[in-house]
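Listed next: structures, encoded as structure tokens.
Same chain, two partners: chain A is paired with chain B first, then with chain C.
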Partner chain A sequence: MSGAQIGLLAFGAWQTLLLTLGGAALGLLFGFLGGLARVSDVKILRAIGFVYVEFFRGAAVLVLAFWFVYALPMLGWQLEPLFAGMLALGLNIGAYAAEVVRGAIQSVPSSQYEAALALNFTTGQRMRRVVVPQAVVAMIPPFSNNIIELLKASAVVAVVSISELTFNGQLIWSGNGRAASVFGGLLIMYGIMAVVFTILMRLLERRAALSVGRQPDPGMWKRMRRRAEVSA
Partner chain B sequence: MSWDWAYIGDMMPLLLDGLRTALIATVIGFVLAMVLGLVFALLRRSKTAWISVPVGFVVEFIRSTPLLVQLFFLFYVLPQIGIEMSALVAGIVGLGLHYATYTSEVYRAGIDGVPPGQWEAATALNLSTRRTWTSVILPQAIPRSIPALGNYLIALFKDVPQLVAITVAEPFTVAREVIAESFKPFEAITMAGLLYLIAAFVLSYFGRLVERRYGTVRV
Partner chain C sequence: MTEATSASPVRDDTANGEFISFDGIGKQFGSNVVLKDLSFNVGFGERVSLIGPSGSGKTTILRMLMTLLRPDSGTIMVNGKYLYHEERNGALVPASDAHTRQVRSKITMVFQHFNLFPNMRVLRNVTEAPVHVLGQSKDEAEARAKELLDMVGLGEKLGSYPSQLSGGQQQRVAIARALAVDPDVLLLDEVTSALDPEIAAEVLDVLRDIARTTDVTMLLVTHAMKFARDVSHRVLMFNEGRIIEDRPPEEMFNDPRHERTQSFLRSVIDET
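Then we have the complex of A and B:
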């Protein structure tokens, strides 16, 4: 493999990382807005949240990306391709995240609401200081699934010519014709990225569990060590 | 820019043809995913580590890498080792294999949900391993799995547009061909997207019907 090809792959991996992180940031924003809207007392907000979730869960990332890149310019808005990709990913994953946020908020025991009420917290204080900090802990495990889905979905935007990992892989392949090593290599690179994201999210999960005074699940190493001690 | 209805009328039959291809890929791909997923789930439960560990690794790997790259692999790499598939078949195999890794988790949860007493009862009745699975465990585990399986039918359908990358004639591929002649992307892309969206809603409605009909365990 030549230096230029390694450069292309490295740049592609960097763009994939940007797409994933940018998409995750937008998805988190849309997810919280959508999820909070769905548990709101205001009927119109609940309706907006519902329509957002149903529409963007139904629309595939590829469809959104196609539309942003090829159709939207006809209406006079030309988005930067990378941003169009992030937006498509963020809107889609945000709809899934909104359901996670809703579920997590609803899973906070009602006694917590009652306690906040008894202490005369305002609605804003109750959400900010009591409900959301506990709900966030429950959100992290499903979010870590979402981020792997997002990483995989980021490959899809290669179809609209955003030069991320898969697109650059295709470029290299059309140059050297070595399908097996190029596509096999891409799969391995994505696999490694997925493992890294999973480990990082697991660390975050333990952090968050500790921060509200919960005992996190023992990690793999600790479990193995404990097993070794028992058998010794 | 104006919205051109005559242009849409001209391309609609082509797009509907594309949608039919997409639905065929969905249905066959999903059947494949349901069967392979059960195979994966059973192999992962094998007591022989030589089977369960490698299968587990392969399943996790397929699940955490993009379908699109797997499609490229199936369509462009396998012919080099003598396995030639048409674009549609490669697409169906790719979708089926990818979603089998998801359905296998659904079956796993369904099997875990069968109460231990059922296993013990099967042992007490001296049923063979095969009989235990086919007459006791699976008839209880599979209905439990149906609601979650339905969700993956919709998810699989939403991944069908990716087949555009390996030239399967689904709506976006059709739209691209139409655009190549007309240079009018807005209507074509919008209509292809709308078709997918409407079909996804219809599918999820039927999914809910099936769930209501078969989703309960009858003992």
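Then we have the complex of A and C:
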């Protein structure tokens, strides 16, 4: 493989990383807004949350990306393709995340609401200080799934000429025709990124467990070491 | 709540009046009528125990006073103000949230299952409401919280999470947390039912101290009859959503008049 090809792949990986991180940040924002709206006491907010989730969960990321890049300019807004890609990914994954947020908030026992009310917290304080910090712990494992989904979905937005990993891989393949090695290499690169995200999310999960005074799961290595110590 | 002299007796029969009044309260869940046209008053500083078989409406009373459960009919007044109603142009209308919140501000509750905030360490469980609801400074709230936690014997556990404490310790933190908001009314809902007897005794000792050294009004639902007898000015016997007997503890326990009270007390005493 030539240096130019390696450069192309490295740049592609970088763009994929940007799409994933940008999409995740937007998805987190939309997810929280949507999820909180869905559990709101205010009917109109609940309706907005519902429409957001149902619309964007069902909307194909590919079509969204097309729409942002080719339809939106006709209305007078020109988006950078990379940002359009992030937005399409973020809106879609945010709809999934909103359901995660809603479920996690609803899983906080009602006794916690009651205790907060007995101390005369306002509704906002109850959510911010008591309910959401506990709910976040339950959100992290499904969020890990969401971010891996997002990483893979980022390949789809290549169609609006974002030169991310898959797009650049196709470019190299059309030059050298070596499908097996090019796409095999892509699979490995996506795999590595997914593993890195998984590890980071696991660390976050452990921190979150500690934040509610729970002993986190010791993890595979510690368990294996412990087993080795016991048998030794 | 103000500090009374520590020499004051456990029971102070001068407490009287209508600090809290229930008037014609009714409540049903589906077709199950829990409370029927219930009226009673509690004076400022009075300690009132609610006893009776389960399902007789005792806990419902506390939950209504804490605004966790709305009555279907009737009115509740606390310190001269309606809890669920407001007077507007001479008419009684449902209260705004702000009104209810204001009337509720001097009432707090300790729960059967403690309900500490698992995401906060012990000290913050106690300071959170004083800082964010009462607007105390962090230093002021922490100083008071440490005093209260010392009083309940947990001055060493400030940095622990609730999940690292035993049930009895958690309940004592919950009591400190409740006192930290400086309540006029303390509601105790079967606070020792989830604890084994030895641990329960520690918690009850803390509550006896509070009864002795403060003039906080207490309404307690309990099955710990000896405790009820020690701290109460009055005992209300509930049966099927009505108060069937309302008397000072020594009379209630030594000479119950109502046949249902007699059989209830017999069964409770057999049990313990």
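In the analysis below, the second predicted complex is superposed on the first by the 228 of 232 C-alpha atoms of A that agree within 3 Å, B and C clash if a C-alpha of one lies under 4 Å from a C-alpha of the other, contacts with A are read in each partner's own complex, and residues count from 1 in each chain.
Everything that follows uses one rule, which is that a contact is a pair of C-beta atoms (placed from the backbone, for glycine too) under 8 Å apart; a residue touches a chain by one contact, two chains touch by 3 or more.
Keep in mind that this is a model prediction, so the values were computed, not measured.
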I'd like to know which partner A:Leu171 touches here: chain B for first, chain C for second, both or neither.
neither
Of the two partner chains, chain B (first) and chain C (second), which one does A:Leu79 touch, if any: first, second, both, or neither? neither
Comparing chain B and chain C in the superposed model, the one touching more of chain A is B
- request: Identify the partner contact of A:Ser111: answer first if only chain B is touched, second if only chain C is, both if each is, neither if none is.
  value: second
Classify the contacts of A:Leu21 with the two partner chains as first (chain B alone), second (chain C alone), both, or neither. neither
- Mind working out whether A:Arg214 is in touch with chain B, chain C, both or neither, as first, second, both or neither? second
Could you say whether A:Ala180 touches chain B, chain C, both of them, or neither, answering first, second, both or neither? first
As the complex stands, chain C meets chain A at residues 66-68, 101, 104-105, 107-109, 111, 113, 115-119, 121, 128-129, 132-133, 160-164, 177-178, 181
Given the complex, residues on chain B that touch chain A span 1, 61, 64-70, 72-73, 76-77, 80, 158-159, 161-162, 164-165, 172, 179, 185-186, 189-190, 192-193, 196-197, 200-201, 204
In their shared complex, chain C is touched by residues of chain A numbered 111-112, 114-122, 125, 129-130, 133-134, 211-214
Per the touch rule above, chain A residues touching chain B in the complex are 55, 58-60, 62-64, 66-67, 70-71, 74-75, 148, 151-156, 158-159, 166, 169-170, 173, 179-180, 183-184, 186-187, 190-191, 194-195, 198
